[in-house]
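The following blocks contain the structures, represented as C-alpha cells.
In what follows, subunit A forms one complex with subunit B and a second complex with subunit C.
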Partner chain A sequence: MARQPSRRRSGEGLTAGLLVGPATAIVLLSLVAPLALLARYSLNQYDRMTFMKEAFTAENYLRFVADPFYAGVLWTTLSIALVTTALCLVIGFPIAYGIARMQSRWKSTAVLLVILPLFIGSTVRALGWIGLLGRGGLVDSMSGLVVPGGGVTLLYTSFAVAIGILSINLPYMILTLQGVIESIDARLEEAADSLGATPGRRFWHVVLPLALPGLATGGILVFILAMNAYATPFLLGGARFQMMAPMLYREYAVNNNWPFAAAIAFILMLTTLSLTAASTLLLQRRYQGA
Partner chain B sequence: MSTRPPYLKIEALSKHYGSMAAVDEVSLEVAAGEMVVLLGPSGCGKTTTLRLIAGFVEASAGRILLEGRDYAGLPPYQREMGMVFQSYALFPHMTVAQNISFGLRMRKMPAAQIASRLEEVLALVKLEKMADRYPKQLSGGQQQRVALARALAIRPKLLLLDEPLSNLDANLRQEVAREIRRLQRAAGLTALMVTHDQDEAMAMADRLVVMDRGRVQQVGPQEALYEAPENPFVARFIGHSNLLRGTLRDGCRLRLGEGVEAQLAQRYNLAGDATLALRPERIRLLPPGDPTPARMTLAVEDATYVGAHVEYLLALPGGGSLILHQPTTGLAGAARLAPGSRAGLSWDAGSERIFDASDRALAAAGPAPALASV
Partner chain C sequence: MDSLPRRSLLRLGAGAATLPFMPAIARAQAGGRCVVSTWGGDYGNLLTANIETPLLAPKGIECVQDAGTEPARIAKSIAQRRLPRGNVDVICLQAPAAYDLEAAGMLEPLDESKVPNLKYVLPSLTSAQSIPHIFSPQVIAYNPERVTTPPTTYSDLESDKFRGKVGILDNSYIWVAMAAALKYKGDVGAIDAVKPELERLVKSGAHAYTSTEAFAPAIKSGEIDVGLVWHARVLFWQKGGLALRSAFPTEGCLTYVSSMGVLKNAPNKAAAFAYLNAALEPAAQRGFAASMGYLPTVTNAPLEGETAQRLALPEPAPKLIPANYERLAATRDDMNDWWRRLLDRR
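Then we have the complex of A and B:
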C-alpha cells in the first residue's frame, strides 16, 4: 500500500488526543489491568489451603508444556480452530460473493438471513445441535430408518464441535467478506472478462488477490473466536473432548487453581496472537506491491 | 458503404429493465476500420448498448452479428472485444506491464511473444518507462493510456470505448482524443465509442449515432447531422438550434405568436403546427439601413461580446429568446444594437429546417416567393 502523507495539523492532533484520551483510559482499565493481574497470578503458586501463594515461579507454564495431556488439548483446540476457519473461508466466500454482487431487492433480505443467527446465543444453538446430533436426535433416527438398527450418534465428537463452531462463526466471515468484495469494483471483473479470462481464472487472478485483505481479516476473526470457544465445545464435545477455554474454566472454578488457570489463559492468548501476527506478516510480504 | 456485408451489424437490439427500455430497438451497421460514436444525453442508453455488445448484459431482444456470426449467448471472455472503461478499471494489484499483458496471459501466449507484444504496445502508447509502476502511481492521462493499451494488446475484433475522455482534465482531452484516433487508425481497428460530449463525438467519429431515451434518433456523418437533422432533438443536440414553434400558412409563413411571423426562405407542403430550427450562427442581423428585406423582426433583449462573435438574445412571443451569433470579423468599431431596439433578421434557404407536428423533417417544395423590400 502507498503511504499517505500525513496532512493533520497539530491543532487537529490535540483535538484528536482529547477525544481519544478517555477511550484509551477505558481500554487501559478494562483490558490491560486484568491482563497484568492475570500475568502476575500465572507466576504464583497453587496452595491446597489458601489456593494461591505469592511466588515468582514458572512452574505453571512448565507443567502445561511437560504434560502431554495439556499439549494435546492445545493441539485439539488449534486443529478445530484451523479446520473451522478454513471451512468458513471456503463456504463463506461464495455466499459473500453472491450477496455482494446481488442487485435485486432481495439483497437486504439475504443480509438479514446471514445476521439472523447472531441473535441466538451460542448456548441455545448448541442445544439445537444436540437435538439434531444426539442419541434419538434427527440424524440418529433418520439413519436408523435407512439402515435398520444402525443409528449414528454424532454428539460428543470433534465433528459435532466443529460443525457447532462453524455455524456460529460463518455469519461473521460472510459479513466481513461481503464488505470487502463490495469494495472491489465490478468493472475490474468485467475488464478481466473482456480480456479473455474464464470465470475461474478471473477469480484466481483478480477477485482473490483483491479480496485477500478481507480473507485475512475474516480468517483472523473467526480463528480467534474458535480458539476461545467455550459453550460449543462444552456442550457438544462432552466430557472427553477437551478444548482450551472449557479446560481453563475448570481449572479456575472447579479445581480452584488460579495460577494454573492464568497460565493456560496466557498460553492460549499467546498462541492465538502469534499465529495471527504470523499470518498477517506473511500476507503483507506477499502483497507488498498492491 | 460498399455492397460488402457490414463488419458489425446490430439488429433491433433492446434491453428492458422492468418496464423501462434502456435500449429500444437499436439497429446499426459498422464497416471494418470505422470509428462510430454513440452520442446522446446522460441516461439515454449508450453504456447499456456497449455493454450488450461486450456481452456483460443479456439482450431482451435483437441480434449482434460480427463478421456475420451471431454473438447471442457467447460469454464476454470469448468475444475478443477490447473494452476501455470510463473508470479505466485497471487492476490495482498489477503493474502497468502486468495489466497490459493480462489478456495475452489469459490466451496462454508464449512468454517470448508476450514480451514482444508488450514492448510494442508500450511504445505505441509511449509508456515504456512506466512498465513497472502500479496504476495508482500514474496520472489520469497515463492510466487512460494503460487502459487503452490493455485493450489494444489483445488485438480485439472490436474496440469498445465508454466515455474514455470524461475523467481527464479538459486540456488533456483533445490530445488524448487525437491519440486514440491515431492508434485506432494505425491498427485498422473497428471501434465503437460512447460519449455525451458533442464536440468530442464530432472530433473523433467517422460516423455518429445520436441516441435519446434508448432510441436511435439519427445516424450519419457530422455534416449530415449538422446540416440536415431529421428531428428537433438532433437539431438541438448537435450544435444547438433555436427551435421556434408556430403555425405554417401558405406553405411559407410561420406565425409564431402575437403579431410575429417568420417569412421562410422555402415553401413546404404543410399547413398547421410546425417547428422551425435555426442555428445561431446562420441567422444574419440586418444593420439599420440594409435594403435586404427582413424575414423576421424581433426586439433585442441583450447583446454580449464573447470574442469570436457577439451573442444576441432576441425576445420571442411567448417568453423565450432566440439566440443569434454575429461574427466579429469586420465588425470592429461597429455599433451594437442596444437592448430594446428592433432587429431585422435574415437567413438563407439552406439554413432553415422545418419539422411537422410529429417532429419529422420536411423537404422543401421550392423557393418561397420573393420578399417585398421594406
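Then we have the complex of A and C:
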C-alpha cells in the first residue's frame, strides 16, 4: 500500500521528463547553442582580410569598457529605456485600469484598439513619426501657424526616439497590466471605499500593492524591448544619435567586425539581464518584508 | 531463375533512387541552376527582366535569386567560405565590398576565356575578380528653386551660402571623404588626410541622414539645398517629380560601381561565368540604364533615344575617377570609428 504512491510518482516523473524533453532540446539547440557560439566569437580577434581570427582574448570587452564613447552609448540606451519604461507605467496604468474595470460592451473594442498598433511594424510606425515630427511635418506646420516663422523640428532628437519607443511599447504594458488588474478582486476596492478611504488612498494602499507584480512584469518586458530597440533609434534618432542595437548592427554588418559585435551583444544582454534580475530581487524582498 | 528477379529488383531500385536527381542531371546538361545573391527590389527585378529571362533562360540556365541586404549576404558568404561547395554562384556587391571579398581570396579570378565580354569593359572600371555591372558618377545634387548659382566644386559645400544646408548620407560618408580628398589633396586615396575638412563640414551644420530615402524629403522641405549623391539617384528623384539637378564637380567625379563576382565555392561556375557575361551584354546594359539611370560599363552599348538624352553627361565630359579600393579598405575601419565619434552629440 505504501509503495503505490512512490511508483506513481516515478511514473509521473518519466512522463514529465518525456514531455519537457523535446521543448528543452529545442531551446538548447535554438537559443543556448547560438549564444555559446556568439560567446566564443566575442573572444576572437578581428582581422580585415579574413574578418575573424581564432583567439582567446578579452580585448573586445576591454575595448568597450575602456572607451568612454561606448560607455556613453550604453548610458544613452539605458536612460532612454528607463524613461520610456517609466512613461509606459505612468500612461499605461490608467488606461489598463479603465479597460480592466470596464463593464460596457465596448470593452472588447477598447482592447482591440490597444492591440491594433501591434499589427503595424515598428519601421512603418517610425516612418509615420517622421511625417509628424520632421521639417514640414504636422508638428512643424502647426507650430509655424501659431508662431509665424517659428517651426519646430523634433525629428532626430532623443525626444523623437523616446516617443517612438513609447508608442511601440505602450500596448505591451497596457495588455500586461490589464490582465493583472482584472485578477484583483473589485470587492477589495469596494471594501476600502466602504471603510472611508479616499480614491488616492485606495489606489496607494490597495490597488498598487496588488498590481505590483504586474507592474514589474510589464516594466521588465518594455524595458527589455527598449534596450534592444533598433529601427526606432535608427530612423528617428538619425546619424547623430547612438544606441546599442544600431551600433551593434553597424559593427557586425558595416564594419564586418563580428568579434566586437558579439562582445557588444553580450554586454547589452548582461546589462539588461542584471538590471532585470536586480529589480525582480528588489520586488521579492519587498514582498517578503511585507 | 531465382537471381533474375532479384537483379531486376536491384536495377529497378537503383533507377528509382536516381529519380529525384533526374531534373538536376537534365539541368546540368542544359546549363543548370545559377544562384544569384543580390539586392531585392528594383535591382533584382531588372536582373530578371534584362539578364535572366531574355539571355540565360534560352541557354537552359535557371536562375534563382537569393535576395537580401548586402551586409547580410556578405555575412552568409563569409560563413560559408570554408565549405568546399557553397550555395551561391554569383554575388552582386558594391565595388568596395567586392574588393574586400577579392582581397580575402573568396572570388574566382576572371578573364576573357571565362567572360568574353570583359574585352568591352571600360578600362577605368576593370577589376581582376569582379565585373563592373553598372556605374554612376558622384554629383552635387542641388535644388534649382533655391540654388540659383549651381555649385561647381566640392569646396562650394563649405561656402557660407550653404551653411547648415548640406546633406550627407551617413552610409556614403566615406564617398564624401573621398570627394574631399580629391579636391584638397588631389588624391582620392588620401581619405584620412581630410578629417579636418570633414569635421569643418559637419561642425558647420551639415545634416547626416541614416537612410538614402531621407535625402529627397529633406531637399523638398528646404531642410537642405545641396548634397553629394549618385547621379542615378538624382535622375530617379527627378522622375518622381522632385526639383533636383546634378552639378558635376570640376575636380572630377568619384564613380559608384555595382559589381558582380563568382564565389570560389560556387556550385555551378560555368553558369556563373555565363551570368556575368550576359550582364555585360549591350541589351542588358541598356535595360538597366533605361530603368535605373545607371550608365553602361561597356564600350559597345551606346545609349539611344530618350535614355541617351536623359542620362547624357555634360560637355565637356566630367572626369570620372574610380575609388582607390585598396586604400579605402585600409583606412575604412579607422574612418568609420572616427566618423561615429564626430557625429556623436551626447
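The rule is short, and it goes like this: the second predicted complex is superposed on the first by the 278 of 290 C-alpha atoms of A that agree within 3 Å, B and C clash if a C-alpha of one lies under 4 Å from a C-alpha of the other, contacts with A are read in each partner's own complex, and residues count from 1 in each chain.
Just so it is clear, a contact is a pair of C-beta atoms (placed from the backbone, for glycine too) under 8 Å apart; a residue touches a chain by one contact, two chains touch by 3 or more.
Quick caveat: nothing in here was measured; it's all calculated off a predicted structure.
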item	value
When subunit B and subunit C are modelled together on subunit A, clash or fit	fit
Which superposed partner A:A253 touches (first subunit B, second subunit C, both, neither)	second
Touched partner set for A:I220, first subunit B, second subunit C, both or neither	neither
Partner chain(s) touched by A:D185 [first = subunit B, second = subunit C, both, neither]	first
Touched partner set for A:A126, first subunit B, second subunit C, both or neither	neither
Touching partner for A:L43 - first (subunit B), second (subunit C), both, neither	neither
Which of subunit B and subunit C A:F69 touches, first, second, both or neither	second
Which of subunit B and subunit C A:G238 touches, first, second, both or neither	second
Smallest distance from any CA atom of subunit C to any CA atom of subunit B, in Å, after fitting	44
Residues of subunit A contacting subunit B in one complex and subunit C in the other	none
Contact footprint of subunit C on subunit A as seen in their complex	48-51, 69, 72-73, 76, 130, 134-136, 153, 234-235, 238-242, 247, 250, 252-257
Touch list for subunit B against partner subunit A, complex	54-56, 75-83, 85, 87, 89-93, 95, 102-103, 106-107, 134, 136-137, 150-151, 154, 160
Subunit A residues within the subunit B interface of the complex	2, 185, 187-188, 190-199, 201-202, 205-206, 209-210, 287, 289-290
Residue numbers on subunit C that touch subunit A, as the complex places them	69, 71-72, 74-75, 78, 100, 103-104, 168, 170-171, 208-211, 214, 217-218, 220-223, 329-330, 332-333, 336, 340-341, 343-346
